[in-house]
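Some structures are shown below for you to check.
In what follows, chain A forms one complex with chain B and a second complex with chain C.
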Partner chain A sequence: MFILPALIFVAVFLIYPFFSIFAMSFTNQTLVGAGAANTQFIGLDNYAELFNFDRWMRRGELGYSLLLTAQFVIGSALIGQAGLGMLLATLFHNRKGLLRETIFTIAIAAWLIPDVVVAFGWFAYLAPDGTLNAFLNTLGIQGQDWLFDYPMISIIAFNTWRGTAFSMLLFSSALGSIPPSQLETADVIGANAWQKFRDILLPQLSRYILTDLLLITLWTFNTFTPFLLTGGGPTFQTDLISIYTYRTGLQFFQFGKGSAIAVVVMIINLLLAGVYLTLSQSRRRA
Partner chain B sequence: MKPLTRLLLIIVVTALGLFFVLPLLWYVFAPFNEHARLSVSIPETPSLANFAEVFSDEMAMRGLLINSPIIGIGTMVIATVSAALAAYGLSRSNLPGRQLWTYVLILFSSVVTGTASMVPIFRLVYDLGLINSHVGVILSMTGGLIPSAIFIMQDFVEGVPRSYEEAAMVAGASPLQIFRDVTFPLIRPGLMVVGIWVLIHAWGTFLTPFILLRGIEKLPASVMFYRFFDPEGSPRITLIAAYAIIYTLPVLLLYLIINWRYGFRFFGGIKQ
Partner chain C sequence: MLKRSFHILVLVMLVFVVGGSVLAQDEPIEITVGGMNAGVEVDWINNVVAPAFEEMMAAEGKTVTVQALETPGTGEQIRQQFVLDLGVGEGADILAFDGFWLPEFVEGGLIQPLSALVGDAALEWEGWSVTPEGLQNILSFGGELYGIARGTDARVIWYRTDLFEQAGLPADWQPTSWDELLDAARTIKEALPDVTPLQLNAGTAMGEATTMQGYLMALLGAGQHIYDFEAGKWIASSPAILDTLNLYQTIYVTEELGDARYQLTQDGRDRSFEDFSNGTVAMLVEGDYLWRGPLAPVGGNFPMEDRDELVSFAMMPAIEPGAGYNGQDFVTISGGTGFILNPNTEHPEEAWALLSYMFSREALEGLQELQPRIRARTDVPVTGDETMSRIAEQVLPLTTIRPQLPEYNQVSAEAQLMTERVVSGEMSPEEAMAAFDEAVTALVGEENVIRIPIE
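Take a look at the complex of A and B:
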């Protein structure tokens, strides 16, 4: 009885969409025009169009978009957020003081500030006469038109900056649960920092690392915020899968094709979740 | 520590600090500079003119003072209450593997939200006749946030000793009475934490209102930013900077309050 309200929300806004995406992906439904008045079952036509291998690696097509998304996820989630989060968490492990508080607070602020605000902030930051180039110039380095010439690197840096706090906090609280005596023993026998990290911290963190990687991979895969920074451009160079779905489904209102993309996205998400869960299971058994 | 290691450490920490600070530097100066550009410059004569112009823009203020609060508080109340009820129901039921259920739900909500669900959610809300209404936005956002909200709430509910409820049951209270009079007051910190977490989310979300709302008089502040674009599409950055500050401050204040009041514990650590 208590569960009922939450159950209704979950059923209507999570489970129903899940199945309706499948159903819609086999139709030619659109918001206006012929497909709206007369929606027809067209079988796998949407999928055939998406997986037309003659052209799917062209700019603005599914294959190209998936490739970009893979680069984005590996760069900004796995290397950027998880790597930097781990670095920050271990650097400031068992340390207190102003420096730790300042860096943690700014990282958390980067994570809390609303999407639109950080997007404009980064827009100004990366502009040709923006803060980054001004800073580089003082170091004697020639500035760039980052968003135009290096759009993918720009959104990877952006998403790393945006999301590192999550991994940092997760690893930081996980490190807190490791008994300090183990590190002290290692100090006594003269282990260096890298050995301590590799042999004591890393094994005990691996469960948390898997959880962290699973969640940030899914979130990064689905994030829409880079749209606010680049709009998917220039010339589709940052056409992530979320932006591709938006363009097809809600800018051109091709619901059928948009749903087919969404099905592909969900299947990839489920596969990713499956891989991580299998890994964590096999670890537990070992 | 060896001097070389120490030097290396200083360099790494400085680089990390710069990486996080530099992108925000612009917001420190631009809002107070009448002639702000995309470059960072300390204004010669700091002024509040940008703020004055934003305050005099009726639609922008409507987004900030009416639409965003309606959406934020609406989502907060509905999501928090349903999550509290569900977490309570789950923790007091004998359902096998109830921890697993919430985990599966969270995973499911990570798979279905965002990219994958925007088309069907739009269709659903369209069929319900709720396009361009705050109710549609509130309900859709609540649906996406509930799994994580239940997850965070469970920590708090599990912390309430059952003996209190058993005493109330012996005294003849109904399950609803027990929840209202015994459990509810005891999980108030949990309600605060989940509520503020939901509010920060709903306040900052761009995609859902962007898709579901059409009329400018309905837009929350997150989408209202596009009001500060010239007809040619170039942004009027002075106003955007000022608006961003007013829009962001409540979120940061809420974070500071929760941090000061409860300490920033890592509540299972969920943010989508």
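Take a look at the complex of A and C:
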């Protein structure tokens, strides 16, 4: 009885939309044109179109978009955010001082500023006559049109900068829970920095690493902010899955096909979560 | 206890509803006009039309206020906004609307004809008798009128006479074939290495601007349209499409006479206007919008004080003399925009009164002084702008229009994608045309396409 409001809430805002999207993905529903007035059940046609392997690696199609998304997730979440976060957390472990405070403050600020503000900032920073090129020019290096010639690298750098704080803070507090005596003992027997990291810190961090990777992979997979920098272009070279869904759903208002993409994205998200959860289960058992 | 508080709640709500409707009668009627970028027209409505119309209404005993709302963004973004607004029953009372959007909005049940919204009063308007049928059709579909057209336009090659003279080309220039056009671009590239010689719009980022100012201008020059009006079918593959794509390849890939950056970045169209305005782009295939809008010495986004001395236009030549659409030597295409009534308006009568007042001869002549262009009313000629008069007299007779069909918008988007694939170097012209064929066939069905074999 007491959980009834919560159940209704969940049903109205989660279960109903999910099933309506699922149902819509088997129709040709659109908001404009003939499909709007006369929506028909078309079976698996939307899915067949998405997984048409003759052309799905073309720019602007699903396969190409998934490949780009994979590059983006590996580059900016796994290597960028988790890697850099781990590096920063370890370097400043058990240290205090102005440098640590400055770096942590910058990272957290980057994480907290609203998306649109950050995107405008980066747009100005990477523009042909922007801050980055002005800086490079003073070093005698020829500037680039970064967002045009290196769009994927640009949004990977952007998203790394944007999200490193989360991993850094998570690892930093996890490291805080490791008894200092272990590291002191290692110092006594003459272990070097790498050995200490590999044999003491890393094993105790592994649980946190999995949690971190699960969360940031899902966030990065679904993020839309790069759209504010590149609009998915040039020529679809940053057409991440979220942008692809948006284009299909809102440019031509093909709600049927857009829903089919949304279903595919949800399944991929579930699979990713499943892989991480299985890994962490097996680790816990071991 | 519960029951009692429920009663109180109902009572309170009733008070609000009744009180609200009583108050509403005293409130002035507000008519809003939406969908325009900031500029001359918004100022005209707010500063000239509004006071005059409000006075007119006051004489009839109605308190009406008028407000034109600026809508920032590109045509595509405004269209997107309209679909979403109309889909949930919202939006300004009067919407600035592009004629080619009409079919799919009507099919989608998002808008309604004047006959249903206003009735006879709208159909008996004095202005229809002085508006040619072709221009009435800009905002009509299936035999029903949906709004009043502003007027029409035409597309030409705009060029900088100062750059032409610096490169040793005549300031009074008119190419008669694609080769002559490309030769002029080559001359400029050689003489002025810092100048981009020629931009012919391509790519998805520019949306419909690519189809109208780029793709169709070339395609018509190669002798065909996007649609076969006699057969009633879409042309999915033809020698003319291939010629067009080869022209794009020459301009952007093999000879780099144009800069593909403008075509592939999000704000490329504005950047091309800006660079034409400051003299780093020499030729731009564009509508007369460029002349009277962005480059206008007063009110333009990239104003040119000496526009009348430094900018001139040439007609777009066919690939060879006589080889253009309908056997023409020169080609162009027209679009048309205007204003429709939002079916969700609470005051259709007053909204129509405002719209028909905006397009009365008296009001329109006032706007014509601020922004001369080709108006829909024949009793409001182009005045005081020699260039616009020349476009009306020389170029407009050559024109054609887009097919007014609900599928057009998506076929057009596929054409934009096809040009993008060529100018970005992703595909060869042949591959791009094959991909276009495949996509258009999937959109409209095999029975609605024709293919013209390549010899």
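Basically, the second predicted complex is superposed on the first by the 276 of 286 C-alpha atoms of A that agree within 3 Å, B and C clash if a C-alpha of one lies under 4 Å from a C-alpha of the other, contacts with A are read in each partner's own complex, and residues count from 1 in each chain.
As a convention for this text, a residue touches a chain if its C-beta (ideal position, glycine included) is under 8 Å from a C-beta of that chain, and two chains touch if they have at least 3 such contacts.
Computed from a predicted model, the values in this text were never measured in an experiment.
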item: Combined model on chain A where chain B meets chain C, clash or fit; value: fit
item: Which superposed partner A:Leu78 touches (first chain B, second chain C, both, neither); value: neither
item: Contacts of A:Ile153 with chain B and chain C, given as first, second, both or neither; value: neither
item: Partner chain(s) touched by A:Leu91 [first = chain B, second = chain C, both, neither]; value: first
item: Broader residue contact with chain A after superposition on the shared chain, chain B or chain C; value: B
item: Chain B versus chain C as contact partner of A:Ile200, first or second or both or neither; value: neither
item: First (chain B), second (chain C), both or neither touched by A:Ala186; value: neither
item: Partner chain(s) touched by A:Leu250 [first = chain B, second = chain C, both, neither]; value: both
item: Vertex chain A angle, Cα centres of chain C and chain B, expressed to the nearest 10 degrees; value: 80
item: Which of chain B and chain C A:Gly60 touches, first, second, both or neither; value: second
item: Overlay on shared chain A, then closest C-alpha pair between chain B and chain C (Å); value: 5
item: Chain C-contacting residues of chain A that also contact chain B; value: 250
item: Chain B partner contacts - residues on chain A that touch it in the complex; value: 1-7, 9-10, 12-14, 16-18, 20-21, 24, 84, 87-88, 91, 99, 102-103, 106-118, 120-125, 127, 129-132, 134-135, 161, 166, 169-170, 172-173, 193, 215, 218-219, 221-225, 228, 241-242, 245-246, 249-250, 255, 258-259, 262-263, 265-266, 269-270, 273
item: Interface residues, chain C side, partner chain A - complex; value: 76, 80, 83, 87, 104-105, 107-110, 203-205, 261, 264-266, 406-407, 409-410, 413, 417, 420-421, 424, 426, 435, 438, 442
item: Complex contacts: residues of chain B adjacent to chain A; value: 5, 9, 12-13, 16-27, 30, 37-40, 81-83, 85-86, 88-90, 92-93, 105, 107-124, 139-140, 142-144, 146-147, 150, 175, 179, 200, 203-207, 211, 222-223, 225, 235, 237, 240-241, 244, 247-248, 251-252, 255, 264, 266, 269-272
item: Chain C-touching residues of chain A, taken from the complex the two chains share; value: 30-34, 36-37, 49, 55, 58-60, 145, 147-148, 230-231, 233-235, 250-253
